[in-house]
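So, here's a batch of structures to check.
One chain, chain A, appears in both complexes that follow, with chain B as partner in the first and chain C in the second.
Right, the complex of A and B next:
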């Protein structure tokens, strides 16, 4: 199977994620769409890294670190969402403006 | 027909189909809880694709850390929230056009890569690289994961 097929799947996932980000205002739904984009990026990264044996381990190492950081990012955004829900009873990202200063 | 005769191609087709359908359901399902569940299905589909590319260790790591921890964290946190009605921006047609155009442009760019992946990640190479070259990034990632753990405990206490 050519690498381009994996990259096509990655492109489709990326486009679905972008669609979700553009059409939603719910903070959790936006996070889930961003996670689709993250998965698409990982797939594209590993597809390209697998083409060269020299870059393969480097690609793997970077993806391991990226997955760890993504788990941390999910924790931060879900915490913000829960704080927002407790204080405003809303998950609309437009409500975030009211949390300034 | 020749594509279907190769078992690896069939696995690729099924896992990529699973990933794409899960992604569509994440965006379109009415319930956020189900959307979070479908994110874990997307993670499983992606892990199969990583294995096919020659990265089984990364696939295991993705399953354990991403699907097992991050997505489960979203799923359980979302259960705590009552879904409040949100007015969605009326840009669906524009978003479909933008996403479609983006996918076509990316496919055109990626069509250049016609080589077949012939790589298998050795875990010794990966750990050697992580310990020698990327040790600082590894420490930062570990600290970030500990921070997430503290956040999860703080959320569970409900005193914030």
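Right, the complex of A and C next:
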């Protein structure tokens, strides 16, 4: 059962990502933490898909589609960060006036 | 039927991608009108699918009456928002992109509603999610910057949970098509439940379910109201569609847990939304919290899906309540955008007496608010009390009771809006409803539909659903 080792790594990555998302204030660092969670999900997906010969390639194809989803999201968030830096010369999310909760 | 889906892709995708390029390069101003025509044609095309069911594209798309009905409602919502945008966003430098994103997001909403395969779900989810982050921030001012930063970061977390959930569930099902599980191997029950929980969290993020609601008041309360009318009215349908398509087949495998989870989430969501709305001074933020409360009512119907004798009524209830919700939210936020354009502050104080200065829009806003409140004979009464609450009556009367208690609480703030609109001294400014105010038409259409559908067309709608 090699898959269980990959799932173990994936859960550690998930925990690291959640920790980063909750404790960081800089939008780029928060984005990196969110990407760690995303990669943990992809790792879990691939390791579970590899257990079945018939479903495995299908799972791999879905992961490739999901990577394009993540690329699009990163593009948007980085452009938001650029807009934020232009408007107020800072990347601190919690300095935003009404940003709470 | 495949031709219809192909035409929708070419129509919405083609116009959505080509027109803004044309507008930016050549300096023309055709995108609003083409977007309006595209949504109208899309409504006709979706109308062709009414009453049909079957699977298309090698089983990756499944058409059924309920999904077609939801798609039709989404199209109506998108058409009304586009119509109101004609006067609202004329001054924005980014307005051609806005129309393009409206069309692309609408296409994504169709695919999520019709989805039957994980690959289509991921792709359509990406299309809607990324388009909506850009839409929220498209005005490029400080308020929308805050809203979009929070929305996008929460959205990435939601997409990650979606991938996690799909990974766990499909790892057990061992096929990428969403279907009812015949038997789950013992020992994998916990894994399946974990996957279902992750999917509930992912869809709950978009629906605004407490405890995943953190972004919602800032986005719905901070972005420009015309954008919020689209995000709250149309894009929210993706989470409802995903619940129906992705999670509903898994319910029999986790039946008892499903009911308890959904009942618990619906209770905290309803109470949080309604109680937090009571103390709001800003009407737009109040309506944001009211959206959270409405998500709680939807969760009651999702809870009722767990039992076979309440399932049919719950599905009809979801369809009808989507009608109520989309008409009311699109109308109310377009109305707020109208008041903002007329120079009013969107706080309760700022709106005092506006209903007397702008009688038509004030009256229609009141009708929509009453529909959300659940006042007979409007559509909101039928969908909320006669379908959603009634559907859980046999299986869990206490849940219906808590729903009714919450409807009572919600009167507190909805009545406050009506009181400030009409029973206060009108402001000393010279405004009146003029001829090119398209928002008034939108309010008229939504309010008239709300009244007419409530006055006896409910049976017609239910016939459309099945």
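Keep in mind that, in the parts below, the second predicted complex is superposed on the first by the 93 of 101 C-alpha atoms of A that agree within 3 Å, B and C clash if a C-alpha of one lies under 4 Å from a C-alpha of the other, contacts with A are read in each partner's own complex, and residues count from 1 in each chain.
Methods note: a contact is a pair of C-beta atoms (placed from the backbone, for glycine too) under 8 Å apart; a residue touches a chain by one contact, two chains touch by 3 or more.
Here the structure is a predicted model, which means the values were calculated and not measured.
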Contacts of A:61 with chain B and chain C, given as first, second, both or neither: both
Which of chain B and chain C A:41 touches, first, second, both or neither: second
Touched partner set for A:69, first chain B, second chain C, both or neither: both
First, second, both or neither for A:31, with chain B first and chain C second: both
Which partner reaches more residues of chain A (counting touched residues only), chain B or chain C: B
Touched partner set for A:51, first chain B, second chain C, both or neither: both
Partner chain(s) touched by A:90 [first = chain B, second = chain C, both, neither]: first
On chain A, positions contacted by chain B and by chain C: 14, 17, 31, 35, 42, 44, 48-49, 51-52, 58, 61-62, 65, 68-70, 72, 76, 83
Interfacial residue positions of chain B with respect to chain A in the complex: 6, 8-9, 12, 16, 19-20, 23-24, 26-27, 32, 35-36, 39, 42-43, 46, 49-50, 52-55, 57-58, 61-62, 65-66, 69-71, 73-74, 77-78, 80-84, 86-89, 91-92, 94-96, 98-100, 102-103, 106-107, 110-119, 121-122, 125-126, 129-130, 133-134, 137-138, 140-142, 144-145, 147-148, 151-152, 154-155, 160
Residue ranges of chain C in contact with chain A within the complex: 118-119, 122-123, 125-126, 129-130, 133-134, 137, 140, 142-143, 145-146, 148-150, 152-153, 155-157, 159-161, 163-164, 166-168, 170-171, 174-176, 214-215, 217-218, 222
List of chain A residues in touch with chain B within their complex: 1-20, 22-26, 28-29, 31-33, 35-36, 39, 42-44, 46-53, 56-58, 60-65, 67-72, 74-76, 78-79, 81-83, 85-86, 89-92
Chain A to chain C touching residues, read off their complex: 14, 17, 21, 27, 30-31, 34-35, 37-38, 40-42, 44-45, 48-49, 51-52, 54-55, 58-59, 61-62, 65-66, 68-70, 72-73, 76-77, 80, 83-84, 87, 93, 96-101
